[in-house]
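Here the structure is laid out as structure tokens; the discussion comes afterwards.
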Amino acid sequence: MNLMNCLILAFILFGIGVWGLIRRRHLVGMLISIELMLNAANINFISFAYFTAHDSTAGAIFSIFVFAVTACEMAIALAIIVNMYRRHHSLDVDQLRELHD
Amino acid sequence: MNYIVPDILLLIFPFIVIGSRLFCSTKSNIPWRIANVGCIAIFILLNFIPLANGNGVFFLSNWRVDDFGILMREVLMVSAILGIWLSKDYFEHSADGRPQLHQIAEFIGAIAFATFGGVVVVSACDLVTFFLGLEIATIPMYALTAWNKKDLIGSEAATKYILMGSVATAFELFGFSYLYGFAGSLHFTDIQSAVAAGPSPLLWIAVLFLFCGIGFKLTLFPFYTWAPDVYEGAPTPVTAVLSVSSKATAIAFLVVLVFGPLAPIQEQIAPLIALLAGTTLFVGNLGALKQSRLRRFMAYSSIAQAGYIMIALLGPATIAETAIIYYLFVYAVSNYLAFFVFAIIGHHREEIFASLKGLSKQNPSIAIALAISMFSLAGIPPLAGFFGKFHLFFSGASTGHYAIVAFAVLNNVIALYYYIQLIKSAWVDEPDGHLTPIRLTRRQRSVVILLSIAVVVLGFLPFLSNNIFSGFTF
Amino acid sequence: MINDVTLSYLIFILPLLSFVVNGLFLCRKSDKAAAAMGISANGIAAISAIILAVHYFTSGLAPQKAILFEHEFIPFGNFLANIGCLIDPLSIMMLVVVTFISFMVNIYSVGYMRGDRATGRFFALLSLFSFSMLGLVAATNLFQMFIFWELVGVSSYLLIGFWYHKPSAVSASKQAFILTRFADSFFLLGIVLVSYVVQSFDFSTLNDLTLSSFKAETIDLGLLVVSKADALILGSVLIFTGGWGKSAMFPMHIWLPNAMEGPTPVSSIIHSATMVVAGVYLVARLFPFFAICGSTLTLIMIVGAFTMVFAAVIACTQKDIKRILAYSTLSQLGYMMFALGVCQVGQTIVTTGWTASTFHIFTHAFFKCSLFLIAGSLIHQVHTNDLDAMGGLRKKMPWTYWCTLISILAISGIPPFSGFFSKDEIILAAFQGHHYVVFGLALLTSGLTTFYMFRLFFLAFHGEPRHEGVKAGHVHEDFAMTLPIVILAVPALLSGIAGKSLFAAFFVPGKIHAPQLVKLTEASWIPFAAVVIAIIALALAWFFYASPKARIAKALDESNRSGIYKTVYHKFYFDEMYYAVVRQFVIGGIARVARFIEDYIVGTLVNFSVWFIHKLGDLVRVAQGGYLPFYLGTLIVGVLLWRFLGNLPL
Amino acid sequence: MDTILFNLIWIIPLLTVLVCVPISANHGKLLKTIHATSATFVLLLVCFLVYRVYALSGTPVDENAAPLFLRFFTNIPWISLFNAHYIVGADALNILLLALTSFIVWAGVLVSWNIKGNQKVFFALIQLLATSVYGVYMSMDLVLFFVFYEMEALCMYLMIACYGSGRRDYGGKKLTLTLAFGSSMILATLFGLYFESGINSWSIVELSKVVLPMDFQMWAFPLMFMGFAVSSSLFPFHFWSPDGHSAAPTAVSMLAAGVMMKMGAYGCLRVAMFLMPEAAKIWLPYVVALLIFNVVLGPFIALRHKDLKYITAYSSISHLGLIFLGLAALTPVGLRGASLQMISHGFLTGLFFATIGMIYERTHTRDITEMGGIMRKIPFLGVGFVLAGFAGLGLPGFSGFIAESNIFIGAFQQESTLTRIVTILAILSVTTTAVYILQTANRMLHGPLPQKYESLTDGCFREKLVIVVLAACLLFIGLCPTWISEFLDQSIAPIFDNISRVGR
């Protein structure tokens, strides 16, 4: 249980998030993958705070802020997606082809 | 003390506006009037603040107000005021064949919040505040994009925007986390000293992720892909605010970052900045070549402008900050002038090139205003845009990056080409019958005239540039 | 007090004044006023020229050179181009000839141009021409000479094309200008080259050169590097090329016959008496310089001699009266040219040719001018240039008839008429220069000359009238036209006898830095030989065209003739060749290639670059497909891209 | 006092525009009168200043302006952000070019009296264009210079695309974009000049005192020289001018060919060669190779064209090639010849386009094969055209001859082999010029008169005035070249001194 493992874990989590983001066709699924990526960042903060950083409270505080901010962001995102569903009657990203060159 | 007053006012201002809805009917003009009064008051107040000659003033150890911050506030306020003016018509009748907007108070509130977010970014001096500022600036934008609930493309644009934006946020956070891990602290001064002490792979990963993250917000290559769709899908005033305010915020973020914590390694990241700038402006110019819809066209043009702005980051701090501020002022004015013209067109016709036909015959004044704004964006002297670009290149060249400057300057030719395309459709093409001449309201005319004069004189009248920036020490 | 300087100013100012006044004010108002202006101006100029000449020759000043006035025109760094008036026997002689003849022609034009639409313009242009010609002959340096050389060319262009609604006249004027211009471009190159080597334009400097001083340093002529001495020789050839074109020597001769499309007074002053001898004058003026570049003189001799014979042969077959005269002018110019050429004897120089040539310029001016004026009045009466339509004019135009006889005897070199003296001196000079071929050709040509001139004479004046107008007796002599003819007959008759001693005394080319041939072979039999040949030719002409049993009709129709005759009659098809070359090679060849480069190569490159940019733009817009997962994919690409391209030391 | 008047030169046109803003476009007559008056006033003003400069010659100048002997030297801080100053001054060269400009602008206002379309905007644009050209010739500060230099792109496109004929949009775009391309090359090097010089100044006078680092000069000079050469249509970048000219309205063609194309050559001389002489000495002998196209092939292309404006455009291309030949000579005579050619070609091409425009107004065609014999109907315009033609083919008595002889003699003094070859070819190709000019004049003016042109009317007083004035200028320079040569030498000498500075 050392810093490097935590970083690797975080990086894998981030990678999974990106992978899901690109693979998923469902908007909610994509939002969840984004959540994974954000949490990967959180893990980084916590682990840095625990192992190396000289003011270790800062990292924890930051991750708490992140939770808050992500919450609002997701709220808005879900609102928009709901509206989206009202208009298009589907949550499939393949439907989002109205706007293009 | 008076350094903090405008920020506090700006913080409570949106609550007042939204609150005013409780006391008046939906249709009434009162919120809009209040908004005007408030914004202009804050802007004037900002102009009364004496510049602090380089060294910032601190509040609670992590709220710094320095010259760049103050001037950035002014830019943001200008953008907000113009955005509010621009949005007024869209709440009175539908435009561009799309349903009309509602709840102007909340709309203005959102714009104000976004502006405040920009203020937070420029006055932050630790990563938390920094991150919060960026989010406060961004999240209202998502809402604004989706403001038109009944609009199909609006909701699609919002969806794309928020997904991409959240991913960008995730990238930034990841970068922040590594930066924190590298420096062991969130405070800029500590990070700067750590960076000066000697970079490490952690730092470089952080830099990479930070630049990619902000690349979304600043629409750098290849992260600009969301911009055209969102700019087209969003309501026109939102597009204008996006193209000015959120760009200003993003570039402020980079300035604070590059000349703050990362200042010691500016030399090493110069190639990265140069590459980002070059590719972005090239791709932006290429994309704008064959557009037929005005908002999408403006999207590409603003992508290219972002590339030009990046060049300034290559220079030394004072020159670069001056250049960026100056350019943002000029860019805000020219861009808003263009958007006002489009709005006037859009209220009667579709917002496409074809509906500009014969403008010079039917409404010469609008055609002239359009030509002025386009030539200014293309950077043709003596209009303000030229001096802005000149200053950006000046900053880039001052550290000897002639190659990228030359490349950017050559790209100006392509830019001129597509701006001329727009002017052509307004000036050369014959009017077709079913397009009736446009009648301007008094507000529209006065705003257009005001902005046109501003674009013409802002550049070469020396007293402006001398006084506004006298704070900077050369 | 009238001194030489004021006289010389007068000589130049008056024609210029007449040009300006006529051109700007009188030409639209009144033809009479214009004519009066032209005549009076040129008349006073002529008188003052004669006074100047008399004073110059009697005051013992001759034969030194003198510069009456000189003004700075353009300073070219370390050497100047001046405008001045140089007098020596040669230029004085030319001044007199030019002013006098232009005076005559001005008088003549009153009659000839009567009733024309633009008489005022005509007089204005005549004065412009005489002004430019005077400036040319009085030039003190090459640059001034070139300036007036060009002015002479343009006034000739304007006068040939005077009737600009006649397509033939227009094309003739264009051809004349362009051909001379072509030669002048070489002249200009020669001037630039020589002035670069010598660092001066002045004739005095040029005539005082010795090649030996230039052997040492070399000069880069672009493709080849030569010594400055050779550069000077090349320069002399280039300068002569200018004269070559202006005097219409052989390959560049075709413009002169075509120039006969212009009004006849113009032909008489410009294309016989004065302008065309400018080439000869140029060589004579620069003779010491040409003498040190010996090989050039040989070239001059060959060109002159060939033109002489060539033109004389063609003249024998022509039927257009003015063209006959034009070809005879060519042939006489050939005489003058080769007379200058024959001065080169091996390595030595003999100057008799120079004197003879200048003498011939003098005499030829008078009789050829009067011949043209006569042709003009004939044409004016019978309204055609064609000998077919003439004949039997002797009774109707007695004055003209006798003056014609005088001039024709003069040109045929029958003593005591003027041509005899000058031409004999030329032939003698050829003999003394041991150029026996040229000598023979000259003798032959004098015979040919006599033949075609008397052919013209007999066909025009003798025999039965072949023209209704003549038959009906509408033909009469116009006073204004006959007067100058009669006046000109006098010098045509006397200038030989009068001039001989004068020329012998004063006309020497000046100091020459080349070995002189001292001992000259005497050949007193030559004049007799020449006269005999002339008389035989006269007899032949009489037999063919005037004798009782001459069949004029048969002599005149060129059908059922031999191929050779046809070839000669069609001037050896030279015009056609020229057109072929110009049309096919220049316009069709070079110009088409140039246009091709411009339109296709350059244009294609430009269009390609534009197309390429547009293609790139399409690429960008293809990526913008509106497909969200693709957008998200760009993010990974971007991160990797900047990780590797951004050369971050990771 | 003179200084104030001098600065008025570029301010007056601007003020005229401002004055005309409130006047409605319906008062066409009033507007035109105002513009004509201001143009005439500027013309007189500039002529007076020419006299003043000539009268002042020899007297000492402001020591800041000493290296160039600039009169009316003005130096005011302008934009402190990048240290730009408002520096203007006049020496013989640019005061004469200003005079040329004022003449052409005046003529341009007069010939476009009956222009179709929104006259208010058109005349305003002409005045703006005039401002930019005046500014270019006056300014001694690189930023100011570039601002004015680039300004014309703004006016040019609108004027050609809105008021032109034929493929006006295409021509306008081609012209504007190519010029913008050139000026972008210039802008890129300007920054180099500022920062590499080590004195952080935009002032031409100051920069001329320092020797820029050689490695910088070696890449900056060709970039800047070609950048300027674009607007003077040097070979690879000449393609804009035929299409642009043929599409443009008369006045714009006059201004473009008459003065705007000189701005490039002027920039080459005053900025590129003057500030980077060492590189100039190395590069120019190779640049002349490009002139083979301009000078030798240009006339041949004109020979193949039927459209009057194309013919004139290619003749301009060849004449401007001669300017560059004079510059490349790098000798005082050659430089003077180049300056003379700038002025003389300005007048003659102005006269060319003016007469062509007037004839086009009457015949409604520019195809010379369709015309013929109209000399009889419109003798005045015809004579004007023929005079311009004579000046164009370098006939003595007209300014063209003076300039060309200077150029030829000066260029022949340059020892380099390539220059010699080009000079010889250039001298020989005066024939080609004669051919196409005479062919054009004959086809157009001479020969039988077609029936349809029986009713042509000769020029009105306004048109005659333009022709007379321009022709008078041509003849004046051609007939008394002495004073103008000596006058020009005052400003050629310091430039040449800088070019021939040694040992560094």
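For clarity, chains are labelled A, B, C and D in written order, and residue numbers in each chain start from 1.
In the analysis below, contacts are C-beta pairs under 8 Å (C-beta built on N, C-alpha and C of every residue); 3 or more make two chains touch, one makes a residue touch a chain.
Everything numeric here is computed off the predicted structure, so don't read it as measured data.
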Least hop count linking chain A to chain D through chains in contact: 2
Chain pair with more C-beta contacts, A-C versus C-D: C-D
Central chain (by mean CA position): D
Inter-centroid spacing, chain D versus chain C (mean Cα positions, whole Å): 37
Intercentroid distance (Cα basis), chain C paired with chain A, Å: 96
Whole-Å gap separating chain B and chain D, where each centre is the average of the chain's CA atoms: 41
Centre-to-centre distance between chain C and chain B (centres being mean Cα positions), rounded to whole Å: 77
Residues within chain C bordering two or more other chains: 621, 624, 626, 628, 632, 635
Chain A: positions in contact with at least two other chains: 21, 96, 98-101
Per-residue overlap in chain D, given as positions that touch at least 2 other chains: none
Category of the chain touch graph - line, ring, star, complete, other: other
Each pair of chains that touches, named by its two labels: A-B, A-C, B-C, B-D, C-D
Residues of chain A that touch chain C when the two form their complex: 18, 21-22, 25, 93-94, 96-101
Chain A - residues contacting chain B, complex: 7, 10, 14, 17, 21, 27, 30-31, 34, 37-38, 40-42, 44-45, 48-49, 52-55, 58-59, 61-62, 65-66, 69, 72-73, 76-77, 79-81, 83-84, 86-88, 96, 98-101
Partner chain C, residues of chain B touching it in the complex: 159-160, 163-164, 167, 171, 199, 201, 204-205, 207-209, 211-212, 215-216, 221-223, 225-226, 228-229, 268-269, 271-272, 275-276, 283, 286-290, 414
Contacting residues of chain B [partner chain D, same complex]: 322-323, 326, 360-361, 364, 368, 371, 375, 380-383, 386-387, 390-391, 393-394, 397-398, 400, 402, 405-406, 409-410, 412-413, 416-417, 420, 423-424, 427-428, 460, 462, 465-466, 469, 474
Contact footprint of chain D on chain C as seen in their complex: 72-77, 81, 143, 146-148, 150-151, 154, 157, 161, 164-165, 167, 170-171, 174, 177-178, 181-182, 184-186, 188-189, 192-193, 195-196, 220-223, 586-587, 590-592, 594-595, 597-598, 602-603, 606
